[in-house]
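Consider the two complexes below, in which subunit A is the common component and subunit B and subunit C are the respective partners.
Right, the complex of A and B next:
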C-alpha cells in the first residue's frame, strides 16, 4: 500500500507506451479538471516517466513497466480511458487535498 | 481493487517484451511527422499522383524530394532518435553518423532496420567510453576528448556499417520482401491477424506497427508505390465494429461511454481506447482477429496498399495515405473489417442477452455502473 497525499502533489504524470496518443488525451482531460488546483499535468512514454513526478497514472496493462521506471513514486493503474474510478479518486484527492491509499 | 497492490519490479515477461517493442517503436514514433510529410509529397507529386511535378516527384530524370527523403532523411532521423534514446544528444549524433555508413552500404534499400540496429549500438559504445573515462580527463581537455571520441567512433562505425550491417540488412530485407510477397500471393497474410490483434490489446500495438510493419512497409512502398503492410495493424475497422457492438449489446453500464470512444478511436485514431473493452471481455479478441483478418484478406484480394503508415490509425490518416484512385477500395476493407468484427462481437455478447451470466474475472455490473456514475 502506498499513500498519496493530495495536498503535496505538484506534478501528475499520465504515461502510455509511446507517450503520444492515449496519455496525451487523458492528460488533456485531467489538466482541465486540475486547473484550479495548480497541479502540473504532463504525459510521457512509460519508459521516460520524469523523476520529479509525484504520482503516475497509467493503464494497468502498462503498470508493471511504469513501476519499474517510477521507483518510489506511486503508480495508479486504471482500466478505462474514459471515466475510470481510480483516476477519479486521484483527481478528487488532489482537489480536496485529502489522503488516499493506492 | 487488487490491481492496486504494487508489484516491486518491472521484470515480467510481458513487461520485457513491451519494453523491447517500445524501444523499437520509440525510434520511429517521434519521427512520424517526417513519414507523413514524405507520404504526402509522394501521394501528390509523383508521376501517378494528384498533381505530378517532375522536379518534386522525381521523374523524367529529376532527383525529386521523394527519393532523398526516404533514403537519407528518414533513416537519419531514426538513427539520431535511436542514439539519443541511449545516450542523449551525443548518442544521437554518433547514431546519425553511423547510420550514413549503413545507408550508403546498402544502396537502393531504405535502411530503417539498419539504422535501428547500428545507431543505438554506436551510442551505447560511446556511453561505455564516456563512463570509462569519467573523472580521468585532465582539466581543460574535456571538449577535445568529447568531440574526438564522438568523431573517431562515429567514423569507425560508419565505415564498419558500410561493410557489415548495410549488406546484411539489405539481404535480410530482400528475404523479408519475398516472404511478404509469398504471404500476399498465397493469400496467407490474413493469418497475421491471429498474432497482431491480441498483441495490440496487450499494448504491443506500437511495437508491432512501428517496430515491424513501418520499416518493412516503407521499403516496399519506396519500391512499389504502396504497401499492404501499413494496413495490417492500423485498420480502424475491427475496433469500430467492437465498439458499436458494445454500444448496442454491451453491459448496460458501458454502453454510454461507447459513442465517445468511437469518435476517439475512428476519427482521432487512438486505438488504445478500445483495448479495455476487449480486456474486460477477453473472448471479444475473436471478433478483432476475424475482423482484422477479413480486412487484410480484402486488401490482399483488391491489391490495396497505402503510401505511408497512417499514424495515428484514424480514418482521416487512412484517406490521406491512400494512393489516388484507391479510396473506395480502401474504405471497403475498413467496412468489411468493421462489419465482421461487429457481427462476431454481437454474437459473442448474445446480442445483449447473455451479459448477466458473465464469468468471474470480468468486471461486475455493479463495478461498471460505478465507472459511469463517476465519469458522468
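Right, the complex of A and C next:
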C-alpha cells in the first residue's frame, strides 16, 4: 500500500507500451481535468517513465513492469480506458489536495 | 488543436467498411493510415502485433488500434484514421463499430484523442460518433469546443 498526497503531486505520468494510443488518450483527458491544479501530465512508454514522476497511472497489464521502473513512486493500475474509478480517485485527490491509499 | 484536416486526412476515413473479425478491421484501419501517407505499409503488422499483447478496445463500440514502440520508426507523421463498421466487428468479444487507427511520432494527436475520449464519456455524443456517415459531420463532432 502506498499513499498519494494530492497536494504534493506535480507530475503525473501515464505509462503504456508504445505511448501513442490509450495512454495518450488518457493523458489528454487528465491534462484537461488537471489543468487548473497545475499538474504536469505526460505519457511515456513504461521503460521510460521519468524519474521525477510523482504518480504513475498505467493499465493493469503493465503495472508490474511499471513498478519495476518507477521504484518508490506510486503506481495506480486501471482497467477501463474510459472513466476508470481508480483514475477518477487520483484526479479527485489532486483536485482536493487530499490523501489516498493505492 | 493541431490542424484536424492534417491529423485526420480524408483519405484515412471510411464510413461503410466491413470486416470479418478484429484483425481484418485492424488491417483496414492501418491501410487507411498508409493511404494518407502517414505510415509505411509495414506499420500495419506492428498494429496486429500490439493488439495481441494489449487489446485496444476502449469501450462505447470504439477501438484505437496502433503500432508497437518499434513500429514508431515506420511512422511519418502523427495521424489518425477513422473506419466505421455499420454492421459491427467482433473485437475480442466486444462489439466494435469504429476503429480509430493511430500513428504517432510525437504528441500532435493527443488533444484529438482526448476530444474523442470526451465524446465517448457522454452516451449521446458517443452514439453520434458511432452513427456519423460523412466527413463534414465527423469533423464537426471532433472540432467542438468544451462547454466549460
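In the analysis below, the second predicted complex is superposed on the first by the 102 of 102 C-alpha atoms of A that agree within 3 Å, B and C clash if a C-alpha of one lies under 4 Å from a C-alpha of the other, contacts with A are read in each partner's own complex, and residues count from 1 in each chain.
As a convention for this text, a contact is a pair of C-beta atoms (placed from the backbone, for glycine too) under 8 Å apart; a residue touches a chain by one contact, two chains touch by 3 or more.
Remember, predicted model here, so these are calculated numbers, not experimental data.
Once the two complexes are overlaid on the shared chain, A:32 sits against subunit C while remaining clear of subunit B. In the superposition on chain A, contact is made by A:66 with subunit B only, not with subunit C. Once the two complexes are overlaid on the shared chain, A:43 sits against subunit C while remaining clear of subunit B.
More residues of subunit A lie in contact with B than with the other chain of the pair subunit B and subunit C.
Legend: residue contacts after superposition of the two complexes on their common chain; A:102 is shown touching subunit B, with no touch to subunit C.
In the superposed model, A:83 makes contact with both subunit B and subunit C. With the contact threshold set out at the top, residues 17-18, 20-22, 25, 45, 59, 61-62, 80-83 of subunit A are in contact with subunit B in one structure and with subunit C in the other.
Per the touch definition, subunit B reaches subunit A in the complex via residues 1, 3-12, 14-15, 18-19, 22-23, 25-26, 29, 202-203, 205-207, 257, 260-261, 264, 268-273, 275-276, 279-280, 312, 363, 370-372, 374-376.
Remark: subunit A residues 17-22, 24-29, 31-32, 43, 45, 59, 61-62, 80-83 touch subunit C in the complex. Across the complex, subunit A meets subunit B through its residues 1-2, 16-18, 20-22, 25, 45-47, 59-69, 74-77, 79-86, 88, 101-102. Within the complex formed with subunit A, the subunit C residues making contact are 50, 53-54, 56, 58-60, 64-69, 71-72, 102-104, 107, 109-118, 120-121, 146.
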